[in-house]
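For reference, the structures are reproduced in the following blocks.
What follows is chain A paired twice: with chain B in the first complex and chain C in the second.
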Partner chain A sequence: MKNEEMNEGKMTVIVQTIAALLFPLALIFSFYVIMHGHLTPGGGFQGGAIGASAVVLLIVAYGVKHVEEKMSEGGFSVFESLGGLIFVVVAIFGLFLATSFLANFLVNEPIFGKIPGWGESPLNSGGILPILNIAVGMKVIGGLSAVVLILALISREGEEK
Partner chain B sequence: MNVMEHLPALIIAIPLLAAFLTPLVDKISKKVRNAVVFIALAATFILTIFLVQDVFENGIMIYVMGASNPTQTIPMQAAVPIRIVLEIDGLSAFMALISVLIALIGLIYSFSHVEERGGKFYTLFLLMLVGMLGMELTGDLFNLFVFLEIASIASAALITYEFKRGSTTEAALKYIVISSIAALFVLFAIGLLYGEYDLLNMAAIAKAIKITGLSNIDMIALILFFAAFAMKAGAAPMHMWMPDAYGEAPGAVSMVLIAVTQASLYALLRVCFTIYADSLHVVIPAAIIIFGLISIFIGVTMALIQDDIKRLIAYAAVAEVGYILLAIGVGLYGVLNNEVELYARKALQGGIFHIFNDILDIGLLFLVAGGIIYITKERNLNKLGGLAHSMKYTSILFLIGLAAVAGLPPMNGFASKIMIYESVYKVSPILSIVAILASIIMLAIFVKIFHSVFTGPKISEQKDVPKLMLASMIILAALIIFFGLFPDIIINNIVNPAVNALIENAAYISNVMG
Partner chain C sequence: MKKLAFIAFVVFFFFLFYSAYEIRDFGNPPSNVKETFPDAKYKVTMDDRIIGKYNTTTGEWEYGAVEETGANNVVTSVVFDYRGYDTLGEATVLFTAIAGIMLLFGREKK
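Now for the complex of A and B:
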């Protein structure tokens, strides 16, 4: 029975259970790094890479076949394109609603805080910055996960031959 | 909101938006997807024409990303430009016009046969255009690096798109390795300059170098920039990736790849003429001239012995890059020696004009070769033959491209090459002798192709290429003939602003630094 599971690229129950427990935690940490991007080190790319590493964890523990049934490469691609689309659309909104491309049009609105003066306390809400970070995060999670999934599928096919 | 003011940002933003939209629209309908891509590119083309007109009439255009005033480069509290600045002078506008025009023609060509998995093709195609446009419009060195990477990665993926042969993968791998090395060189050089001056803006760095003089670190950075951009521009002996990449890519992609290569050439010009300018040692123009001569020589001699049709044209493209480098090297030499009116202006006019002509001529040949491969599924010259019986229009278009590349009089290739011959003669007669000889060999090469592909008995029954393919080739051929018959119109209206931007770099600096 063990050999069959090994052949499918699965690992033992212990690893699978831990991976299942860690997966939501990794996603939450990823989201934290993305959302805090404008305040602390990190941001869309770093958070997105953490999110993609959660997908890698699932692939390692459960085998690529099982993961591919739940999340397809096409889905990741759509997610990635959406991320890119949100970024550009927000940037163009800056052009229409404010002064220039990528202008921070949400800043100085009631819930989004204001730009601090030179040397004042830090900005708690970055206006459009968290939105841009989310867009970059979506793009990185989608892109990196799709790449890892495809590489795993290709190497799996190679082993089967 | 005044659209004219935001043109530079829109020209980059619209293709980027379309690039991310296509994979989503692709899921709904192929026709809608094609329409979205075409409308986006056509809109970009129209906006680029407005931009070019504006820049040629009113001088340099500045756009600051995300600023409360898009034309204020230096924020209130700062002394130097901090934000990303797009700066468009005559040369940038000229290059942007070429890139968008060629991408539009390449797109029309691709519509005729790219259907399956097409969504990703168009995404990559648009990203490649975004990369080129970004490189050409930006005034910020780090931004230049980012767009260089975007263009390289998109092109590497496109090279492998149509043909699934081993050599195609090899070509793409070679391209991405060379591009990564070049990009790392550029990044390292930018790091050196940033460490020294705390600046990333090109105009600001140019001013700093002008004031403090050339330090050793500047020189190291210059060598790194020079090597990287010359490699990306395909100057022999660093051309080894070019025949592979051009030869293996799908027809339209080969043509647009020339524009990507020329974006790197533009970056080389920007570094030499704007950032370093008068502090350059005369070794740099000498090196450019030597690279040019080697490119011409290697290009034509290697083209002679090829039997793969696209690879042969790719080597001819290496030779064409050589002509541009030769003219630009002579121009830079003249500018540094204060002999602008004597020969440098003419050399630069010839070189810049030849940038446009190169992409039209070689592009047309690549499209014809792509069409032949699409119809016959055969790329070996020894196995092709008698195609003129069934592909009448294509063979006429090939003849036009042949005459243009070889520099025969009524075509555009002659108009720019005669300017190059005349001007480089004043530096050294040997230069123009090599250039003319190579042109003659080029004619021999292409007559050979024409003979082996189109003439002779009919081998098999074929139909002519699809209509859209033919339409895109006819647009190119019409431009070639128009440029050849009325070179003065093009030189006075499009080329001269670019040449002036190269010779007088003070305006580029003062528009940002005040």
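Now for the complex of A and C:
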């Protein structure tokens, strides 16, 4: 029994249960780090790496065959390209609505435009910084997950041959 | 060697513990800033002294990172605003790496 499970690239039930419990928590922490990128240490890159590590946890615990049925590397790649597109489009909006490429045109506007005063940390501050953080987070989550998934699939297929 | 590692562990542990104990509250400036600059209008951080300009006549920080970008975290305002091109380049590096891996190892859909 145990050897069969190992051959399929899975781990034991204990590890699988813990991974299933930790996966949503890791995703929530990743979204927290991305959303608070303009308030606390962290940001798009760090939060995206946390989110990709959640996917890696699933791959390690359940085996790449099981994970591949639920999510595909093509979908992750599209997600990543979408993040890059949002980044560039927001940057070009700065060129047309304000002075230059990547200009922060949302400061002092009603949405995302609040300037924090003494000891305040409002979530709707920072201008375009939260949007760029979300875009970079999408990029890193999609990119790292796609790379890990496709490399795991390749090594799995090599073992089977 | 094991003893040395244990001593290093204890010293590092207490360093981290002390840092966590001394860290300021969420969103609060360092405690000594308000006494040094009592009339500062916005939250003044250490980075603001590099990026911002302290007006000695009015006693206010002008063109500070907090006022210009509206972000509490000045490091993020540098990474995404003042040096936004750099971040765009980093994102491009990531995109190129993943495009290369997909080209090398991508499989055709059955």
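Rule of thumb we're sticking to: the second predicted complex is superposed on the first by the 148 of 161 C-alpha atoms of A that agree within 3 Å, B and C clash if a C-alpha of one lies under 4 Å from a C-alpha of the other, contacts with A are read in each partner's own complex, and residues count from 1 in each chain.
We adopt the following convention: a residue touches a chain if its C-beta (ideal position, glycine included) is under 8 Å from a C-beta of that chain, and two chains touch if they have at least 3 such contacts.
All of these numbers come straight from a predicted model, not from anything done at the bench.
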First (chain B), second (chain C), both or neither touched by A:L39: second
First, second, both or neither for A:L132, with chain B first and chain C second: second
Touched partner set for A:S77, first chain B, second chain C, both or neither: both
Touching partner for A:G158 - first (chain B), second (chain C), both, neither: neither
Touching partner for A:V89 - first (chain B), second (chain C), both, neither: first
Touching partner for A:T99 - first (chain B), second (chain C), both, neither: first
Residue contacts with chain A in the superposition, chain B compared against chain C: C
Shared chain A surface residues [contacts with chain B and with chain C]: 77, 81, 84, 88, 91, 102, 104, 118
Chain C-facing residues of chain A, complex: 37-41, 43, 45, 73-74, 77, 80-81, 83-84, 87-88, 91, 102, 104, 106-108, 112-121, 125-129, 132-133, 136, 139-140, 143, 146-147, 150-151, 153-154
Chain B - residues contacting chain A, complex: 1, 6, 9-10, 13, 16-17, 19-21, 23-24, 27, 63-70, 77, 123
Residues on chain A engaged by chain B in the complex (per definition of touch): 77-78, 81-82, 84-85, 88-89, 91-92, 94-96, 98-104, 118
In the complex, chain C residues that touch chain A: 25-29, 41-43, 66-73, 75-77, 79-81, 84-85, 87-88, 90-92, 94-95, 97-98, 101-102, 105-107, 109
